[in-house]
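Data block below; observations after.
So that you can tell them apart, the chains are marked A, B, C and D in the order they are listed, and the count of residues begins at 1 in each.
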Amino acid sequence: MLIRRRLMKPAAVLGLAVVLAACGGTAADTGGGGGDAASGGSDAKAGAVNIGAVLPLTGSSASIGEDQRRGIELAVAKINEDGGVMGKDLNVIVEDSAGAANSAIDAAKKLVTVDKVAAVMGEYSSGVTVPLGQYLQQEGVIHMNVGSSSPEIAGIGDKSFSVIGLDTIASKFASEQLAGRGLMRAAIMVPNNSYGEGIVQPFTDAFKAAGGSVTETVLYTEGQTSYRAELERIAASKPDVVLYSAYGQDSSVINQQAFEGGMQKTPWFGIYLTMCTVDSAPATVQNQIGMDVNYVGPEGQDYQKAYEAKYGEGFASTFSGYTYDATMMLAKAIDDAGSTDADKIAAALKKLGSGYAGATGDITFDDQNQRSEQPYLVLKYTDGKVVEEG
Amino acid sequence: MGDQNPDHSRTEAGRVLVPILIDTLVRTSQLSLVAVGLSMTWGIVRFANVAHVQYAPVGAYFALVAASGLGLGVVAGSLVGIVAAGVVGVLLHLFFFRRLSSFSSATALIGSLALSIVITASIQAIAGPRPERLPLPSAPGIPIGDAFVTRAQVYVVVLTAVIFVALFLVLSFTNLGRAIRCVAANPDLASSSGIDVRRISTAVVFAAAALAATGGVFIAVDTSMSLEMGSTLLLAVFAAVTMGGIGSVGGSLLAAAILALAESTVLRIDFGAVFGSHPLLIPISYRPAVGFVAVILVMLFRPQGLFGLGGRRA
Amino acid sequence: MLDFALYVATIAAVYALFALSLNLQAGVTGLLNFGHVAFFGVGAYSSGIVALHGGHWLLGVLVGVVVSSLLGAVIGRLGRTLAADYWAIVTLAVAECLRLVVVNEGDLTGGPQGISGIAGPFSSVSGLAGSLSWLVLCVVLAALAYLVAETLTGMQFGRVLRLLREEPMLAASLGHNITAEKTRVLAVAAPIAAVGGSVYTLYISYIGPNQLLPIETFLVFTMLIIGGIGNNRGAVFGALVIQLIYAGSRFLKDIFPIPDQSASSVRLLIVGLVLTAFLMTRPEGLFAEKLRRIDVHQ
Amino acid sequence: MFISRGVGKSFGSVQVLRDVELEIEPGEIVGLVGPNGSGKTTLLNCLSGFLNPDAGTIEYDGTRLDRLADWQVSRMGIRRTFQTASQPMKMSVLEAMLCGAALPIGSAPVRGLFRRKARAAEQAAAVGKALELLDFLSLSHMTEEPAGRLSGGQKKLLSLGVALMTDPKVLLLDEPTAGVNPTLRLTIADRLKDINANGTTLLVIEHDMGFIGRMCERVYVLDKGSVIAACRPDELKDNPRVVEAYLGAPRPVHVATGVSRP
């Protein structure tokens, strides 16, 4: 009896694990998830077209990941309302990367080998997107970069597309804006991750070329409870303008402490201003200027309305727009290609990617499948709202 | 830099010292409240309870619910949140940690880590991943010289001081305090000398969780709250507890102050001025390393911690 | 599905290396190394950096083995004066400092971006053959590590380690130098984890600083506890079970109607609950440490 | 030749040993007695390297021991046992015995891994010796039991056996018979005599004066950290300082009964 009990428990745990793993098998056999919210509430039909997404739904970037997921949710609802893809429903299987490359690859492996998706969107952090894209490229699956802007992404390969303008474009735009306003001494404050790192060099180069100078570069560690030392260092360099980018908890703390320290008297220029200010107390970000993705076109306005209707609030970040556009483009490309074959989708995407009217503005791919141009808006934060300037 | 007139160097010193002081005080109050509770309960549960830092977000989110959701306002809401976190602490202690502490310290530690994951995931499932703020108006800081201090920060520092004085008085001069110290030092001995160890342990666990929650609320008052609040505190808090000497309340407070001071000072030291060259500051991204280097140094030269009582077992 | 199973098995084999290495330290010797991640970080980054400069992958593995062994000896030396829980915190601090250097010294390590596109031994083999080759390599390595760990644990070296875990005073009275033994076990265990780190990096062809977070160490501890700390077989099975739970829990949302926005937190919640429930009901793990029989008739 | 000169040791403000002078000739059995808290175990800790004295010197065969570490002292052939003979729970009696042996190949992780045969031969020899010793200590039937599960007396025997694995020149024994049942106590005393007969010098801390009287040629008496007498056991009862030291002590009776041989 004792021996049996001793054996039973390990067996039970192993059994549980095996059941968990095996359930995947049944799910795959029946053709993907039933009742997935991403399938727009309607039950997925057998033989639905599956695509995947790997997003940071837990961990320190979870607030961005959730917003990215919302973009997909809205796109799927719209597509399936409009008749789906190749006559079937579109089903997007969203997996969590926890913001780490290894679990992102876990997730991608599952999407590719179990769910047999035609394409995978992801991720947010460049440090995750690059290995994710490389894996997908190697497996011959379409990769859609929906949130990273490191220039390294351009080199992943012919199956990898970016619907977001890489940092080179954003940085160039930012430097032009600052120089145009006569703000020639800029301090940079960005997170010490691949996103932040991707801004520093391109911006510094472009800004110097435009005749400006960078007085201080602060790469801050995310998740701290105080950024006063960082802010002090910025203030000590006496810049004309603070160029910054932050999100979630960090943005709120940085803005509040800058405000408390009287630093908002210096102009602040936010890269993706909506994202930088959304979690901050309105008074602390009053009069900040910045750039953001253009949601002004007809597509953009419809999207904005849909988002507000569904979630009862304005954009939480810029990033939902990119996942929305990516999902729409992928659906259209699969429909156009009439197949889930990667090469055919890639060809269709290339064709589609010349002036495609997305929610984030017109999308055109360059010869490396990267979004070559991106219309940005110059915005100002006034009384709790981001409004277009001038 | 070069030669400066005395007046200039005085303002220069003030420019550096005042923000260091403010930063250190605020950070100390947040760290020490969480650290002290951990240090106090270490003797009772006898393992490194990783889940302890999670009382900070638990307290802060409860406070948010009470303050905004139930409309109690920030002060009453915070109190409710702190008490609620204390209750959560007691429940977890009764149902999990008491049993965990009967295992090997490694097993117990992993158990507390698993619970930590459960707590974070529960908060995320209920509150969502976005950072939240207590319903407080934002106001510009009050200038002191070149530095600024907010009213919230003043409250936080003063309240922390009051809490520590009260804690000190209770521990030193009351029967309850003596019993608590006795239980924390050696539960078996305490039990044999007629102390109701269960009741005292429960009281200590409640106090420890409530203190950590207070720290969390203070962080939320000063800035904002997020899911990651506990995990970002974890290493600093453990560093403070070990540096101070496990079980020592005063040690945790002092170690938290040292860590806070190190963090805010080292980055402001201009090594260029020391060597008479261009300004040369440590890259700010190395800030988290400051605390760790401090811990390693303290451990090398004072292996039992600042106030430890000699060699201790895990 | 087969591909995914192969992948999960390969990763489990790699994690078995991490777990076996930690078991020698924490399970056999009782050294709670909270900075264990530093060892596989050294292996991983050695492979990454060597690959970045066009070196052969074997060179990277070798560098990782040597450097990690030295690092292990240094960390072990620190244990000379420190009580167990203090030493644990110091190891954590050392590992975190290493990670911060990795994040900040981008010229050497690729910074927060990490190093990607690392070519491994089977980079040119694609499809099922590639997956199988990797699985075989990793399983062979894990088996080898198991043999090494089991031999070390069973011979006098391991016996003394086990004695100083349970009765350090007795060990000292028998002429065993505790500091030296701790230093040696770390120097021996570290390379096993480093090889794991190297292979892992070569397999997923990427390494970034997020793989060096303390949570990775705790993940390996979890494997040991679930498998049965002190038992090498337990370490291997623990790695397998945890990998199955983590990978398997991804399928939860495919079976149950969990709304998408909470699927990930529910998954994390369930992983945490399964672990907690397991520890509460079976604290000694799947395979408890057993007495070692010695053959007296040889 | 074991010599301590002027050995002193304090813990904080408490002086536990002061000016302890002690000499042990090779082959002797020397007793160390004294009331509880008189510093016997502290002295033994100093002699075995587990504590380094604050003052004075300890020499063995011309080598200074007082600055050596515990394990270094042990490797010089001076082994000790503990008052509470704890033994590992997760090891068999035989394995615990092997821990006392010196197995150079098996102890070297890399060499041991590759030289399987030499390692096995080395261990087989040690196993042989361990079995012999276990037989000698009447523990043969317990070989496969977990060492930590033995009774108190058996653990004391086992720790003696473990210490004997390397044929030590000196054995420092901290209450080898305390808490042991009378039958086993006699066994232990007999075994210690045998061990001594084989040339091992013994220093024994004991409360049982009968045991001391039966075993020892000479005895040192410690009181409040100082040596107050060094004499033959039967001289103890006539020494007024010893009698005074034991008056009011927990077991003065032993002084009276202990001196007469049973």
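The working rule: a contact is a pair of C-beta atoms (placed from the backbone, for glycine too) under 8 Å apart; a residue touches a chain by one contact, two chains touch by 3 or more.
Computed from a predicted structure; not experimentally measured.
> Between chain A and chain D, which partner chains are common?
C
> What chain is most central when centres are computed from CA atoms?
Taking the mean of C-alpha atoms per chain, the most central one is C.
> Would you identify the chain whose Cα-based centre sits farthest away from the centre of chain B?
Measuring from the centre of chain B, the most distant chain centre belongs to D.
> Compute the distance, rounded to whole Å, between the mean C-alpha positions of chain A and chain B.
Roughly 34 Å separates the two chain centres.
> Can you give the whole-Å distance between the Cα centres of chain C and chain D?
Comparing mean C-alpha positions, chain D is 42 Å from chain C.
> Would you kindly tell me how far, in whole Å, the mean C-alpha position of chain D lies from that of chain B?
48
> Residues of chain B that touch two or more other chains: which are they?
121, 124, 128, 283, 285, 288, in rising order.
> Please list all residues of chain A that touch 2 or more other chains.
If we look for residues of chain A contacting two or more partner chains, we find 57-58, 62, 66, 192.
> Where in chain C do residues touch two or more other chains at once?
Within chain C, the residues that touch at least two other chains are 103-104, 261, 265, 268.
> What are all the chain pairs that meet the touch criterion?
Going through each pair of chains, those in contact are A-B, A-C, B-C, C-D.
> Per the contact definition, I'd like the list of chain C residues that touch chain B in the complex.
26, 32, 78, 81-86, 88-90, 92-94, 96-97, 100, 103-104, 214, 218, 221-222, 224-225, 229, 261-262, 265-266, 268-269, 271-273, 275-276, 279-280, 283
> Which chain B residues qualify as touching chain C in the complex?
Touching chain C from chain B are residues 48, 96, 99-100, 102-107, 109-111, 113-118, 120-122, 124-125, 128, 235, 238-239, 242, 246, 283, 285-286, 288-289, 292-293, 295-296, 299-300, 303-305, 308, 311-314.
> Name, in rising order, each residue of chain C that touches chain A in their complex.
1-5, 7-8, 11, 103-104, 106, 111-114, 116-117, 126, 204-206, 208-211, 213, 226, 237, 241, 244-255, 257, 259-261, 263-265, 267-268, 274, 278, 281-282, 286-287
> Looking at the complex, which residues from chain A come into contact with chain B?
Residues in contact with chain B: 57-60, 62-63, 65-66, 192, 218-221, 223-226, 228-230, 232-233, 248-249, 252-253, 256-257, 259-262, 279, 281-284, 316.
> Show me the residue ranges of chain B that touch chain A in the complex, using the header's touch definition.
19, 22-23, 26-27, 30, 121, 124, 128-131, 133, 137-141, 143, 147-148, 150, 219, 222-224, 226-229, 231-233, 263-264, 267-268, 281, 283-285, 287-288
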